[in-house]
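Before we start, here is the structure in question, set down as structure tokens.
Letters A, B, C, D and E mark the chains in the order given here, with residues in each chain numbered from 1 onward.
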Amino acid sequence: MIGSAVLYALGGVALFGMGLYALLAYPNLLRKILGMNVMGTGAFTILIAAAYRGSDAAPDPVPHALVITGIVVSVCATGLALSLAVRIQAVTGAAYLTPDEEDAP
Amino acid sequence: MTLQLAFDVVLIVTLVTCAWAALTAPDLLRSVVLFIAFGLLLSFVWVRLQAPDVALAEAAVGSGLTGALLLSTLNVMRQKEAQIAQESTDAARESESEQEVAVAQDS
Amino acid sequence: MPKIADQDEVRLTAGRALLLGMSLVLTLTLAAAVLSLPEDQPRLAQVALERLPESGVGNAVTAVLLNFRGYDTLLEVAVLLLAIIGIWSVARTARVWIKRPDTPILRAFVRFVVPLMPIMAGYLLWIGADETGGAFQGGAVLGGMGILWIAAAVWLPQRGGRALLRPLLAIGLLAFLIAATWMLLARGNFFEYPPEQAKDIILIIEGAAMLSIGATLALLFVGGAPQKEESS
Amino acid sequence: MTWENSLPLLIVLTSLIPGAIIFFLREAAHGVRTVLNLVGAFSKLVLIAIMIGGLQAGVTYETRLPLLPNFDLVLRSDSLSVLFVILSASLWLVTTIYAIGYLEESPNRSRFFGFFSLCVSATMGIALAGNLITLLIFYEFLTICTYPLVVHRGTEKALRGGRTYLVYTLIGGVLLLVAVIWLHAVVGAVEFMDGGVLNGVAQSQPALFSLLYVMFVAAFGVKAALVPLHGWLPRAMVAPAPVSALLHAVAVVKAGAFGIVRITYDLYGIAVANQLGVLTPLLLITCLTIVVGSLFAIFQDDLKKRLAYSTVSQVSYIILGVALFGPIGSIGGLLHLVHQGVMKITLFFGAGNLAETLGIHKVSEMDGVGRRMPLTMAAFTVGALGMIGVPPTAGFISKWYLGSGALAANESWVIGVLVLSSLLNAAYFLPILYRAWFKEQQAPWPEEHDFGGRLETHWTLLMPPVVTGLFALLLGIVPYILRSLVEVIILKEYIG
Amino acid sequence: MTTVLPLIIVVPILAAVGAFVLPRWSFPVALVGSLATVGLAVALAIEATATGAVRHTIGGWRAPLGIDLVLDGLALVMVLLTALIGLAITLYGRGYFGRAAPETEKGRQAVYFWALWMFLWAALNALFLSGDVFNLYVTLELLGFSAVALTALADKPNVLKAAMRYLIVSLSGSLMYLTGVAFLYGGFGVLDIAQLSSLTRETPALAVAAALMTAGLAMKTALFPLHFWLPPAHANAAAPVSALLSALVVKGSFYILLRLWLEVLYPLAGTFVPQVISLLGVGAIVWGSLQAIRQTRLKLLIAYSTVAQLGYLFVLIPILALERDNTLVLGGVICFVLAHASAKAAAFLSAGNILQALNDDKLSKLDGLMRALPLTVTAFGLAGLSLVALPPSGGFVAKWLMLDVAISRGYWGLTVVIVGGGLLAAVYVMRVMGRLFKQAAQPEVLSALKPVPRVMEFSAFGLALLAIGLGFAGVYVLRLLEIGARAVAGGG
């Protein structure tokens, strides 16, 4: 990687790690969803940094396109996850995953 | 060159700090607001990395729309929570008053 | 009764410290790998920029999205539709109730700003062929317009409007599929646009996709199949 | 498709296809079911007759179906397989008739006859298997098809018996699977051949091949109910009588014994097995089984359990013939393969008749039953005397050859075992005969059924034991028919 | 003739769109889509057997710039498997959802089921045919979203929680995969699998990519100990969905994992990473089987059996990565995939029939069902045979190949695990079968059973026959796998 792009890629790695931590550590569903979003931006940042080719050369357009695709997928995922979270809260009264009930199917 | 480097370092540190703050803020509303701010910062980073198309998408979708989604969801869930809390206190009060009635009848 | 706050304690417990440590180790490992990445990797930039003129558009990112890797984008538009179907199947009701506007200021704001947004979206789409912009950005603007509109309750989906909703959501994906399959049948390769018409085809697909993306994003916000106003 | 490459498959299919169709019949479709069963059984006998004719003219019948590279399903006719096929097919016919009489009133008949036919197909497959893999496949197939028959009554006891049966045989199957693949990995795809195929390679790695032999014997020994692997057999006696008769007298235990015969003669080669020194331990185990099985049998009051322990003991005679290195003992073993089948099925038919007609399940209830059911008990008596080895029954012939074989192999102590076993056999069979014929009826029969007519029981129940009993006698009086076939087999095995 | 290749992705997407846009026609649209997709799969099989592997350059750009679709033997086998099972699921779904109008709750579910199921099918086909690591990411998400939404369809507290868990696992798995893609692109500069195949070397970037992608995909495939999400999701979903999830969806992520280790990550074959995967596979077999034995509900038992059986897929990964040209090793794994998919789909559909008839699936309630539902119980029994790997069945052929690999290389530990896993499977299958064969304690329960549509019984039975029939198809599967085995991986 070129010059300061490395720094940004390292930042992306940090974001990925932080997002993963939040995802694993916090039971609240909204926080888990936030964590996943941050994780995703970490991956995107690594890709964007890999695309950077110095200030005077045109950047690599392929990772840019990949990231745009990724952003759209990730907003879809967020929408789906939030709907599920709302529904779960409506049914179980909790915004986190309670242990399963021992009921018939 | 060094100025540029210092700028990069400051930007990255701010970005990462903002993300950490968003993830660990004790209040979820603050978390979401910080997350939106983080998204805008991120767009700025990507403009710096010569990715304006992506930055535009991130600002509009990643930060703006996701933020709106999170805010409205948080709002809905808080309302639901308040409703549940209300119902449970109502129920508690009801059972309390029933007990009182029972006590009154006993005496 | 469990509450959001009950389980939203962010204190650093022993378990979390352990997790944090593990994440840190992972982060450092990844960081080491980042540092080892080759500096002078040509990657695909060279070939993408070289063949940009054949793509029919001037913006390299648009060329990759809509032509070189148009198939990715087709699947991505499918993901958008799928997300809406998924949300509608999960959410029994809309998350955001469409209500009558409560403040005149908001209403006035929407009245004046919203009409500008389709124009802006169209501009972004058009300019996206050669400059920064494109269907996603345009779609995002349309989606934003939709959200504002819904938030201000200017638009209340009526029966007729609702019947059009599903086709509107699907039109982007359909445009993609039709164009790609047409090219497959006519030219033997999926997505192989004739270079001279590439720009027109791309703009048509993008236009349809933008409409669908806008509708999808707005409906993501609604969070469920839109219904008539309810008194809850 | 020619006779040469389809006949063995057809012999398997003549019971497989009727079986598969029977599953889909309604319970009340009595006539269709009977016709299917009988057509299957008869056509199987006809096909076997064609096969024997061809074999005498020097034709080899072989069906080959590749399942994987180096992994063919091979069904092939040779003298040994024909011996087993004739036995199973003719006893299937008799048992089918018996089962029609025995079960026609009880529930789940379609299921019963379906699985029954599948079991016969599996036995045919085992008999005709041209290589280890085919043998393995049909061995497991037999396990699967027998289970529903054992648990047929659906009672807690039946389920327990079925579970025990599965635990034993599945572990045996797994052992067999590992041994087969291991052998496959060492020597590649090998097929059974007269005189064995491992000559040379086995002697070069004696430890490995001895271990494999032990695994094979243990795997088949489960089905053959070698002590100490016999525990499932008495418990599986909860099955309906025809099942006990065919499966536990013929199909399952014989499949085990037959497997050991195949492995020893046609895979290792009897000479190679002798060189590896694995025959002596086998001999010891069979002698142990013969004695222990008989000892257990003495203490059983339940008639079917007594017969089951007797099976444990008697099946080992077959393996004893294998373990005695030398053609005479081998002839005795193979003769007993047939003899024991015919005699034991007669005994089980008799026991079934007592249970079905009079409700008798225990030896102590049999006082005076000879007068009530003379034909049944006459057949039973022939079977019992045959088991003891009294001339002129078939049992005498096999014991004679086994004894001579032991002398020829310089293992004269085996004669002692044979004598002891005969005494024990007498000890558990003679009291039954005494009670049946010479004692007066003490108490009313536990549960008497009236089948109408002048016969002592329904004719479909009466005919099978009488026929098999006559056969047991015939094989003793005219031993030459069978012996000539067996001699051919054994000569090939020893000369190669 | 290569025109058929993209159509097998286009047609199910069109069917999905049609089912969504025309709610009243959702089933006919899905049926036509299913039949057309099956027809296309058969056409592809004929084409590939005649001409060898097919590589379709989308947009005419060719990799590395464009995305190529690759149909080699491995992909073809998976597409065919999906077609066979998919057809059965479509027929079963008709019986399951009936003819309810879209306004009713059941009809509402039906519309979403058809649309989502067609999307899922498209996603699977796209995934199997994709020759590009990033494109695979998009197909993974498509697959994950449709699977999660299908799971949530049943709308009960346990199902929703299971769906949420599944979504979280699926998304984080995809993100790990995506990060791996970023490292691959950063390290080697291309996204096309065939080109990566000739470029990858043992570098830190490849190691990190391997770790991330393997972990993410293993999570999505529910490899022990990351399996926690699978049993509740598979056990609580609607019957046709359970069958889809267990039979096909988990195989999608496994397929990517397999391809990656065969073609991209193989320089790491000698490291500890594949060994760890293999060990976890062993853990899955042991733990999953023991859990399955402990369950008291039929569908949970089948779900834990899936956890165990998925373990078998992973145990041979180290050998596969070392011996990439050995079709027999690959054949063992793929035969197992086929056998498990058909048997598990049959088992879940049978369980669905029992649930439909009995409105309960507690093991203690199953007594005597053999008499009431003979076809369904036979289907379950045959599926059980294949799961235990008794001959003749697809499971037997697969285990034969796997044991052959293990024994001929002297892996005795692996041999013991494979064999022991089969015995444990026999224990849990027998726990069910023993019940079904038992005399009913309360015969009146059996006469009060709700009727089960014939088509549901027959589709379960058909899949069970497939599981058995695969026992005779081993040679053909191996022959299909030979198609373009190396030629395609060599370069574009």
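For the reader, a short list of remarks on this structure follows.
Note that in this section contacts are C-beta pairs under 8 Å (C-beta built on N, C-alpha and C of every residue); 3 or more make two chains touch, one makes a residue touch a chain.
The structure presented is a predicted model; accordingly, all values stated were derived computationally and were not measured.
Graph distance from subunit A to subunit E, where chains that touch are one step apart, equals 1.
When the partners of subunit A are compared with those of subunit D, the chains appearing in both lists are E.
Think of each touching pair as a link: the shortest run of links from subunit C to subunit E has 1 of them. Closest to the middle of the protein, by Cα centroid, lies chain E.
Counting C-beta pairs in contact across D-E and across A-B shows that the higher total falls to A-B. Taking the mean Cα position of each chain as its centre, B sits at the greatest distance from subunit D. Note on chain placement: the centre of subunit D and the centre of subunit E lie 43 Å apart, centres being C-alpha means. Measuring from the averaged C-alpha position of subunit A to that of subunit C gives a distance of 16 Å.
Centroid to centroid, with C-alpha atoms defining each point, subunit B and subunit C lie 22 Å apart.
Among all residues of subunit B, those that touch two or more other chains are 24, 28, 53-54, 57, 61, 65, 69, 73, 76-77, 81, 84. Contact of a single residue of subunit E with at least two other chains is seen at positions 134, 138, 141, 145, 148-149, 152, 155, 160, 163, 179, 183, 185-186, 191. Among the residues of subunit D, none is found touching two or more other chains. Here, these are the chain pairs in contact: A-B, A-C, A-E, B-C, C-E, D-E. Per the touch definition, subunit B reaches subunit A in the complex via residues 4-5, 8-9, 12, 15-16, 19-20, 22-24, 28, 31-32, 35, 38-39, 42, 45-46, 48-51, 53-54, 57-58, 61-62, 65-66, 69-70, 73-74, 76-77, 80-81, 84. On the side of subunit E, the complex with subunit A involves touching residues 134, 137-138, 141, 145, 148-149, 152, 155-158, 160-165, 167-168, 171-172, 175, 178-179, 182-183, 185-186, 191, 232, 235-236, 297, 299, 355, 359-362.
Residues 24-26, 28, 52-54, 56-57, 60-61, 64-65, 68-69, 72-73, 76-78, 81, 84-85, 88 of subunit B touch subunit C in their complex. On subunit A, the positions that touch subunit E within their shared complex are 1, 9, 16, 19-20, 23, 29, 32, 36, 39-40, 42-43, 46-47, 50, 62-63, 66, 69-70, 73, 76-77, 80-81, 84-85, 87-88, 91-92, 97-98, 100-101, 103-105. Those residues of subunit E lying in contact with subunit D across their complex are 328, 331, 368, 370-371, 374, 378, 385, 388, 390-392, 396-397, 400-401, 403-404, 407-408, 415, 419, 422-423, 426, 430, 434, 437-439, 471-472, 474-475, 478.
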